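Labels run A, B, C, D, E and F following the written order; every chain starts at residue 1.
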Amino acid sequence: MLKKLLITGATGNLGAVCRERLKPIAETIRLSDRPGADLGQAAPHEELVPCDLGDKAAVEALVEGCDGIVHMGGQSVEANWDTVRNANIDGVFHLYEGARKSSVKPRIIFASSNHAIGYYKQTQRLDANSTPRPDGLYGVSKVFGEAMASMYHDKYGIETASVRIGSCFPEPKNHRMLSTWMSFDDFMQLIERVFMVPRLGCPIVYGASANGASWWDNREVAYLGWQPKDNAEQFRAKIDAEMDPPPADDVNALYQGGAFCGDGIHED
Amino acid sequence: MLKKLLITGATGNLGAVCRERLKPIAETIRLSDRPGADLGQAAPHEELVPCDLGDKAAVEALVEGCDGIVHMGGQSVEANWDTVRNANIDGVFHLYEGARKSSVKPRIIFASSNHAIGYYKQTQRLDANSTPRPDGLYGVSKVFGEAMASMYHDKYGIETASVRIGSCFPEPKNHRMLSTWMSFDDFMQLIERVFMVPRLGCPIVYGASANGASWWDNREVAYLGWQPKDNAEQFRAKIDAEMDPPPADDVNALYQGGAFCGDGIHED
Amino acid sequence: MLKKLLITGATGNLGAVCRERLKPIAETIRLSDRPGADLGQAAPHEELVPCDLGDKAAVEALVEGCDGIVHMGGQSVEANWDTVRNANIDGVFHLYEGARKSSVKPRIIFASSNHAIGYYKQTQRLDANSTPRPDGLYGVSKVFGEAMASMYHDKYGIETASVRIGSCFPEPKNHRMLSTWMSFDDFMQLIERVFMVPRLGCPIVYGASANGASWWDNREVAYLGWQPKDNAEQFRAKIDAEMDPPPADDVNALYQGGAFCGDGIHED
Amino acid sequence: MLKKLLITGATGNLGAVCRERLKPIAETIRLSDRPGADLGQAAPHEELVPCDLGDKAAVEALVEGCDGIVHMGGQSVEANWDTVRNANIDGVFHLYEGARKSSVKPRIIFASSNHAIGYYKQTQRLDANSTPRPDGLYGVSKVFGEAMASMYHDKYGIETASVRIGSCFPEPKNHRMLSTWMSFDDFMQLIERVFMVPRLGCPIVYGASANGASWWDNREVAYLGWQPKDNAEQFRAKIDAEMDPPPADDVNALYQGGAFCGDGIHED
Amino acid sequence: MLKKLLITGATGNLGAVCRERLKPIAETIRLSDRPGADLGQAAPHEELVPCDLGDKAAVEALVEGCDGIVHMGGQSVEANWDTVRNANIDGVFHLYEGARKSSVKPRIIFASSNHAIGYYKQTQRLDANSTPRPDGLYGVSKVFGEAMASMYHDKYGIETASVRIGSCFPEPKNHRMLSTWMSFDDFMQLIERVFMVPRLGCPIVYGASANGASWWDNREVAYLGWQPKDNAEQFRAKIDAEMDPPPADDVNALYQGGAFCGDGIHED
Amino acid sequence: MLKKLLITGATGNLGAVCRERLKPIAETIRLSDRPGADLGQAAPHEELVPCDLGDKAAVEALVEGCDGIVHMGGQSVEANWDTVRNANIDGVFHLYEGARKSSVKPRIIFASSNHAIGYYKQTQRLDANSTPRPDGLYGVSKVFGEAMASMYHDKYGIETASVRIGSCFPEPKNHRMLSTWMSFDDFMQLIERVFMVPRLGCPIVYGASANGASWWDNREVAYLGWQPKDNAEQFRAKIDAEMDPPPADDVNALYQGGAFCGDGIHED
């Protein structure tokens, strides 16, 4: 059991799920999001610590003393460069510097993204050894984060699971998500496994349920003992009824990153 | 849902299964077999179009207007060269020329065969990247068909799933088929998936159920979302009771293609 | 069904399990262990033949006439060199010479061990093509045995399944065994499959149940049709309750071979 | 040294080179081309045997008694189907039937082509395990020929080297050929090696010189001892002086098959 | 021949070499370095444009109109985060935005570094598919740059060769450089090839000469036609005479990144 | 430079070559062979220490104080089990125990053999990751030795290069040796590199010159900087003149181990 688990990005959808469901794995949960975000009331086992990820000193203070970190904070979709850089470039550096300097060496789950490999085709099979192929500035920032995790592991022994999250929602919303969906249950089980396995190393994990139409192979990280239970196929009929599949030459049918692979996303 | 699905080889065993079970996926089903074959009565949603695959004009007319094709027509076991060439060499060329010239670009399921890779040993594991190793003239004709499919995809954008069918029968008939069996249910689900996936590409699929003793790995085509449900192991006790397994040095124990790998099959 | 199955190491824990459960696959079972070991009373279908594996003539007599051998005899944990050599080096040579000279060509299950690959890290994924990385004299002797099996297969056609047994106990005893455990049921099913498959070849099989946290991939030997049913995850909560997991820098968390990877084991 | 070497396609450019340079490796050379082609005068060590590859009996007579065959006959560029089929489909079948029935088991060099893999991109690296990706009817016919060679090897023990010839001319003629060029010297050395190696098997060989800008890796057939000596780079300056390189989006810059990868080549 | 070649980092050692030697491949060379650096006198074919890579508008103006870019500007060794980020994170983004907006689509050589993969061991063999393993903030910034290049290629068609430069000096200076050295001649030949090949794509190239003791395999980019001529072995005796090799447990003997893999480099 | 280099098997052909040529790399050379072998006169820089490899105490004394070992002692061709075991099983264990206990940690060259992988076909390409496939008791003993080296490296940090020697003679003697030959010059250069490289690890090296018809790929150990210079092709014409090549179905044409792959070699 963790002494103190830091959850960044705690007011997001996934943050709220983590806040509720990860209670059993930590004595104290420190919840953070950007200053001004509504973190609500702190329960007795909670600490609320708003923090701008671009503020190095603040992030280092945020990380201090935590033995577990679920880093979902930062920019989570494509955006202009200043936004991406502040949250996902500087922010990740600050987080790892905090981890390095902390009195307790934390284990980290880094919310990477399928957009780090978004330009692979949907007919390709990827695993942990697939080289990056980001689909935008956001995706590039996730490759950066994975590289930072790798370096702090090799140089300082800080263990991170970089989870290339597909689509983590209550249920898949379109045909592409039949391949990329990760249920909350499966994600929570993954988080547990990452914190419980005696030795983590610095793995790349594809964050998806046991979907029938998967593009991703987690064989290389079987040692984690993560066994996702859900399968997006149970929602296929519903999605088929609600919408047409994308045309075969649409980016949503062609690339793993879907709409992020369209042209001109980050004009500024 | 398809507008018009062409099923060739419609009077064969598999053809009859397709005729009945694929009703829900197409508005109209055009059924074909060689002239003189008994196609029975046309149901209201059916068209009966006898056709010699060796007749180019006839095949082009047959294909015209169909947006889906299940090509099971042709010679389906080893035979002399004239028979194999007429049906499986010329016939396949005619089919693809028809597809290229058609007013509607069809998606195609090409009934390839395990005999395209029949000379691999039963102790070897194959996947979609395994190079051909045909076990007779019939197997060579299937390699030819896969190559034709590949070329029409690269050059004209016609998508084909080449299915290296193992043994598609109501149940496995001998020990070898415990590895190669594909149930009708699983094959029908595969056909559905091939027509429903937004983008197909031009994959090689091994046509076998989820058999416990499989030689084939469909990992590379997981994106299809095909999840076979049956397992030939349920028939093992029955087969063990009915017959002895083949001796260890018998072609039925040695090669994936089984009896087709014997010498002298196509003497003429 | 086998005519005569030889089980060596019959008084060990696994030997006792085999003695009871393998009754249905052989007409006669010949049970052996070192002279002086208590083999108990022979049932009507049993023969009791004590034998020192270091005695060539005796081993050859032991093997004569058997069409199946489960070779679990020999030294089964790290020991000094004389012990390991007598049982696992000389003993294995004697066994294969016996097999070569026997009037009946036997099929063999060789109880190899995870300690043949013990120095791989727990974060690595192995399969049948992984090169050896033994963790002690015992592990080296198992590499030797696998090599002997390979040579007698290539030169004399004797088929062996070398099973790199993980941890075969009624249930896993510690966190490492959540990855390495093989249930008795799964092992017995493996033995059956090895003797029943028409052609065995000379495969390397990882002897573990369908554990959620597995390090080993048996994909290359799927042709055996072995489908382990058990999963050590069912014991995780119990083990978590009974003991702390090993620290991340402990050999039990770092290497697949666990405690065997400590320094100085075989001093003599 | 061969007793009788058959060279088909003997009036072609390559045929003429072979006719002259292969003298030292055979006692007798049987030269063939389609009826009506000008085979010139027979030297004392030569036999001239015109033959239509589409005529089974004639081809079988042609092959009879030859212990070596260099099969360069057939259609050597894209053409309409009837032409390709007669020469490269039927013709190859006839050749292999002749080899099977011959009183002498011949070793064969089959002139396959880079157009069997023409749709791979020029930025991709291929080797003998690369699956086919033909770029037209001609390319498909070469895949067929390789499959036929493979089958006759596995079933009848006839050894063939399938040589995926790049561009075999006195010198490269354009920028693409800086990658695909094979000098006559290097080709002749390959032919010698194929006939001299004690055991050939049935390899796929890429027919190119030791070009600095190669796309192809012959590592898998190093056992042949073929060491090409020439390098198309010596002609780069000349080609640069004579012509512009193709634009980056031209099929001559994009695909290995070059111009054959354009659309609509085989309209008929 | 290029119309206008931009060389950033032009006052560095490599910049000076490029300035002199790349004259023949461009009509005009635009030379840039940080404001205040001494770019010397402009020759008639030269333009001198000082520019802070952290200044987006300035970089975009710098890039405008250039059809070739050799991007050696930026921080070239480990440094504190602000320095690395300004030059190598922001700077690279600015460069690619400039390329995207430019009236001429440039082809780019991105000076990546062996420090992008520095934590691989010296006993490991890498190729273009090896995943990143950076050895410090500098190395992480190079992984970022490679990812940015990949994304601008996939999304906007801008071609980049990311060159993981080893050690580019007049001669190797220590034992590690016997593996990592790239001569100026070989680098200049690489630059030429990158600009001359009709289609570049977005390759990863290891920037080293044909060293006898290489760790890196450029097989995947053989299509470039780059044939390095030099071999660091010619300097081995000299280095052996001048210094002892590093001890076996020194980072200079253990890791490919050498001294960069020491602990605590980027404290700030 | 080494302080004291131990050469075992010093009276053999290779031993004599080493004795003479390795003078420059060690201050003192300790020469050993079985008691009774004629080690001749000791030069001033030499020590002569006869030793039975089966005598543990004697071997430990032999190894004491040496910082380099070239272990060519032991049985070097197929023999009966007692001979092989004494020299190559016990002998290797004794050597490594000696190395472990020595006051100086030695670096070791272990003379393994192509017979550790002799049952691979001559048409197969091997590298350092190829799993063992020994061709006799001698070959099995070499697999054992490689495993022992691996274990002492992982457990005790003793570095060994296991060299799978092909055929080390003044020149190749038959057609098979055109693939397996290693010249004395190339072997001596390999030994030098093994002792000079700062970090050796525990590599598998194929001991063959740069033969044109090689079966073996040393790519994985390029970091050693070994660049063999000789090529058996220079002797091809001579061998062709002296003897016929083996028939295609002879073990000398079929298997890498050649005559060792015949049946019945180690009868006793």
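Just so it is clear, a contact is a pair of C-beta atoms (placed from the backbone, for glycine too) under 8 Å apart; a residue touches a chain by one contact, two chains touch by 3 or more.
In UniProt terms the chains read A, B, C, D, E, F = NAD-dependent dehydratase.
Treat the numbers as computed from the prediction; the structure is a model and nothing was measured.
Steps from subunit B to subunit E, minimised over paths through touching chains, total 2. Chains that touch both subunit B and subunit D: there are none.
Interface of subunit A with subunit B: the two copies contact each other largely through different residue positions, with under half of all numbers used appearing on both sides.
A separation of 53 Å divides the Cα centre of subunit B from that of subunit F.
Separating the CA-averaged centres of subunit D and subunit F is a span of 42 Å. In terms of their C-alpha centroids, the spacing between subunit C and subunit F amounts to 31 Å. With chains as nodes and touching pairs as edges, the resulting graph is of another kind, matching none of line, ring, star or complete.
Pairs of chains in mutual contact: A-B, A-C, A-E, B-C, B-D, C-F, D-E, D-F, E-F.
Residues 81, 85, 89-90, 93, 119, 129-137, 139-140, 143-144, 146-148, 150-151, 154-156, 261, 263, 265 of subunit B are the ones touching subunit D in the complex. Looking at the complex, you find that subunit D touches subunit E at residues 121-125, 175, 178-179, 211-215, 217, 233, 236, 240, 245-250, 252-254. Within the complex, the subunit C residues that touch subunit B are 159, 196-201, 203, 219-220, 222-227.
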